[in-house]
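Both complexes shown next keep subunit A, but they swap its partner, so subunit B is in the first and subunit C is in the second.
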Partner chain A sequence: MSNNYSRRSFLRTAGSVAAVSALPVTMIELAFAKPAENFTFAYISDAHIQHIRGTKFVNNWDRGLIRAVAETNLMMPRPDFVMFGGDLAQLGTRAELDHGAEMLARLNGKLYCVMGEHDYYDDLGEYWSKLFGPQHYSFDHKGVHFVVLNSILTFDDWTHNRWPTPQQRMLEMAGLDNPNGSPFMVGDKQREWLRKDLEKVEKDTPVVVFSHSPLQKIYKGWNFWTDDAEQVQALLAPFDKVNVIYGHVHQIQYNQIGNISFNSVMATAWPWPYPQSYAQAEQFMPKLTIPMNRADPFFERDATGWQMVDVNTGRVGLAYNLYNNKSRTVAFDPKVGHPVDKELQSVALEPNRTHY
Partner chain B sequence: MKRTIIRSALAAVVALPLAIGATTSRADEFTKQDAERWQAQFMQVVQKGRELWTDPKLGKNGVVCAQCHPNAANSHPETYPKFQKQIGKVVTLPEMINWCIRNPLEGVPLEVDSPEMTALVAYATYERRGVKLEPGKH
Partner chain C sequence: MRNRVACFWVALAGIGFPAAIALAGPLGLPPVPVPAGNPMTSEKITLGSTLFNDKRFSATGEVSCATCHDPAKAFTDSPLKTSEGINKLTGTRNAPTVVNAAFNATQFWDGRSADLEDQSQHPFVNPVEMGLKDHEPILKIVRGDPTYAEMFRKAFGIEPAAITMDHVKKAIATFERTIVSGDSPFDKWYFGGDKAAMSEAAVRGFKVFLGDGRCVSCHVIEQDQALFTDNRFHNIGVGINRIQDRVPEIAPKFLEAKAQGMDVDVKVLTDPASSELGRFAVTEGLDELGAFKTPTLRNVAVTAPFMHDGSLATLRDVVLHYNNGGVTNKGDRVNDFLSGGIRPLNLEDQQISDLVAFMEALTSPQHARPAQAASTRAMGAGTSAVQAAPACSTPSSASGTIAAQQLAAAGDTP
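On to the complex of A and B.
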């Protein structure tokens, strides 16, 4: 109840502030038996700050992140911290990372960051780590164990031996549909770190894992994919309540594999088509996911937005508030044991769900 | 003398197609080699289109078509021509591509019959091959 109250009061506050219809960040509320322990955090992802030359950056992407930061700062109740879900930069340059960091620096409160491939493949994360710290880590907050993984690593041979320059390597990985790219993975070393990290966590402690790429396999051609997803899932399987929240895909996705709930977050930069809209490839979009309608390019911020997420008794529910689309809520339903869209899941397919 | 040359030349021009027609094919016939050659020509243009689709110099801000349209997905060429309410009329795919070049790419529109535009249309359409035509669809 107190959770519902919090959400209503938040929406009322948001509605009264600057008359915004939606906020391009993810607002996450975790609600437990003790209401005093309830808290929220905001989630901003995939800003893709893109340098043109000199002091010029692509204005469209700048506006997406500036707006997310400004609106996050207006949120009531105050989020306990802010997550940034990766791909702050487009081509991983210092200019882009500095420009993005400058915008993120305006956030009030603690910021946690996830590494994205667009941040990484120029200098292999060196400058990003100077700005934001370690690339994988964990922390505990009000009874929840949070884990941040760098899930966008790939084969050593591709990373170290294949490209004449770091800039070329970055360009090859930056093209989502580039056949010269390489599948993402968490890798042996980090999985071993994760195994040890989880050893000290009680099995009934809610676990929330943040990764940039989906820790599940959806479509390899666009790296909606993590190559060692099953091995990471196996490490998470012993826990009662596991939630994986990921960016990268620039669209609403959700799934359930065993005890693990998967939810994606929106980008502030631009939307991506669903893989099923590419007619030439087989893909494995989770059957649970009811896709968003095709974005309308005439609205600069269409199909970007934010989510407010409850984690009632350790399970996540995301309220997607979208700039130019009808809001959606995707929440774990204990009756069926997986995330459902509160409105759309039970409705028969409608013509306007067609995506092309 | 001069007249003779002209007459001979005319005779040659008239005779040439007849000679070819007699020894090879009529207009409604073509060989496997012809089909392969034409397909290769088409695929060269598709390839050129893919290069432009991922070329930061197509516009002026470094943004490429593929950033929002990987494999040209959601460019839905099979639905054009169609009414675009924001443009206020029925438009063709090249006109929509030019809208994208002007706006998200902050660039200069192409001539709609330029080789570059032909290549972009060829690439986007090729990636959508096999999907039924639905002109006008939203």
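On to the complex of A and C.
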């Protein structure tokens, strides 16, 4: 249940009746924050819109995105913008991208998009770019430098020389534990662009990087992995405050590597299990991850969700709206220097009465 | 909750029942949960029954609890869509049955009361129900009426001046905990092993209920009992569909008013748009927007019309609504906040009819309408087991339920 999303908790935190016309957002106000520097944006990811035939699409995935968009539109104060974190489509077809874009068009306010592998490997991002623009870019907002990367590229040889058809290429990349697959990477060209982009940014400017895959190495078989993660991290290392937010993993993860905080976002389509439950090979789960309840297959939205992101003096806090699960907030804690789950980190977990 | 409550049937044994009768609860029901602070006594049950039927506790003197929870209509006001209070004022919600409400984890369609005790106080002071300004007139009556004075003395051991609403609420809740019923043809078939208790159509319908209909995921059946509810709240596309385009306007306005002290109980029963926010009005949780409590299906065939707003006239209409994936008219826009379990079912016409037949087999004998009971017999159900019990109308035996009849008997042999 979404108790964390209650206006009451908003009021308690904000301590102001000026907020009463607000629909629920949990704000993570840090004691030293200057309110003027704080803002929120919404983050929706991994909708996996899937075409069946004709005008038919998988109902379950449609409902997840429709609901997240409608709920995002209820948020007050209005998020400054909305991110879509990649994998809008399942097999990267025009029909899927068009159908998804139509749903995203119902969002109020500015939308920024990240490329996912399910959007890319049919036509190598051509139609996606027609709909949403460049595949990597940066922008500045209220003193924060935002960078969007296409982190799901791979070796040229795999992309261009291995597969008889684009559809085959897409299916191979969509497979899990697929020996024909290939690891994700940002690639030399884009890293060079990133280096130049960051050159003009002051080192004390907070940086937020959006990628589809984790810019850290967790589990290769499912591409919870970016092959040149260390090189990307090295470019980000000189900055005081860096936050990486990624999709792809369909679960809540958070981690700290040096000065870089990592947060993942939920999918609106379906949840993936935690690596402990599937890993038969080497895997490197971020040590701060706390598992959530398994999905109830009847309640199709169970263990899916979306999130409001609060940017606060350059650090991010994610408030997760989780259907059939208790909402969670994972935010950077300056006292310990890494993201923490505001509630679960400090309390013994009680069994959830709606799951067994 | 279970660790705080005593077993009702054991509690009955404690107040002078022959143990054999006391422990034989209706087939298909679990023990009635009884809060530790409000134990069952026959004196409190009698008092609660009298309070339940007293029309003086309304602004016009014409409405009692039993007006909308009529024992002759399985404790509803069927066939009204939404309930009629004083001066024929109508609210926004279809009267939920009191029968087996003792088992509900929360009360009201949106669960805004935690238990029967709390629930019982609200209709008195709701402007479209019994219309009192506050509870004072009730206390004035019960303190001044010698019959009540004696009943409260017996039930709580207190003098009239010491009577508070807490006592009134406890007595009504205690009475309501006796209004339970099982023993339906389904119970006899499923739990009692009587193969002839349900028609073939109902048996086929039960398969749909468990399978393609996806009903049992919310209308829960356990191994040894069935309350047909998960006690959770779901947006199934009823009511919310009417206001879906206005949600961004209605929801914030509601929260604003609530923050400024607006009475939720009054607002949701008097303002149709706010009513459709459902459980969200109580918890303010996004995933409960337009969500209402899963009602029991017991006696559903005698409590038409259906859904929290009484908007569906027949059980067939209800099944069609689910079959369409949460819209009453096929092709209508599904609301954005629909619960994850609701999706088109693609049931065939025969499956729909069978499902309705199954729901008609959930009627307890004491709530069966004569015509229906007759048709149940005609279908070849066990003639000795299924009987049409005439509905009772006098307050002293108002419940018309096995438990209350047993307790009435108990009262004679203390």
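The rule is simple: the second predicted complex is superposed on the first by the 308 of 356 C-alpha atoms of A that agree within 3 Å, B and C clash if a C-alpha of one lies under 4 Å from a C-alpha of the other, contacts with A are read in each partner's own complex, and residues count from 1 in each chain.
Keep this in mind: contacts are C-beta pairs under 8 Å (C-beta built on N, C-alpha and C of every residue); 3 or more make two chains touch, one makes a residue touch a chain.
Just so it is clear, the model here is predicted, and its values are computed rather than measured.
Trainee: For A:N60 in the superposed arrangement: first (subunit B), second (subunit C), both or neither?
Mentor: A:N60 sits against subunit B and subunit C alike.
Trainee: Using the touch definition from the top, say if A:L176 reaches subunit B (first), subunit C (second), both or neither.
Mentor: It touches subunit B, and subunit C stays clear.
Trainee: Please work out whether A:D302 is in contact with subunit B alone, subunit C alone, both, or neither, and reply first, second, both or neither.
Mentor: second
Trainee: Under the stated touch criterion, which partner chain does A:V69 make contact with: subunit B (first), subunit C (second), both, or neither?
Mentor: In the superposition, A:V69 touches subunit C alone.
Trainee: Considering only the touch criterion stated at the top, classify A:N321 as touching first (subunit B), second (subunit C), both, or neither.
Mentor: The second partner, subunit C, only.
Trainee: Could you tell me if A:Q50 is touching subunit B, subunit C, both of them or neither one (first, second, both, neither)?
Mentor: Touch partner of A:Q50: subunit B, not subunit C.
Trainee: Thinking of the overlay built on chain A, is A:W272 touched by subunit B (first), by subunit C (second), by both, or by neither?
Mentor: first
Trainee: Can you give me the overlap between the subunit B contact set and the subunit C contact set on subunit A?
Mentor: The overlap between the subunit B and subunit C interfaces on subunit A comprises residues 59-60, 298.
Trainee: Flag every residue of subunit B that touches subunit A in the complex, lowest number first.
Mentor: 54, 61-63, 66-71, 73-74, 76, 78-79, 84, 86, 99-100, 103-104, 127-131, 137
Trainee: Over in the complex, which subunit A residues touch subunit B? Could you list them?
Mentor: Counting only subunit A, the residues touching subunit B are 48, 50-52, 56, 58-60, 175-178, 221-222, 270-273, 275, 277-281, 294-295, 297-298, 355-356.
Trainee: Please output the residues of subunit C touching subunit A within their complex, sorted ascending.
Mentor: Touch residues, subunit C against subunit A: 214, 217, 232, 247-248, 251-253, 255-256, 259-260, 283-288, 325, 334, 336-341, 343-344.
Trainee: Taking the touch rule as given, give the residues of subunit A at its contact with subunit C in the complex, in rising order.
Mentor: These residues of subunit A touch subunit C: 1-3, 5-8, 11, 17, 20-24, 59-60, 63, 66-67, 69-71, 73-74, 76, 298-302, 321, 323-324, 354.
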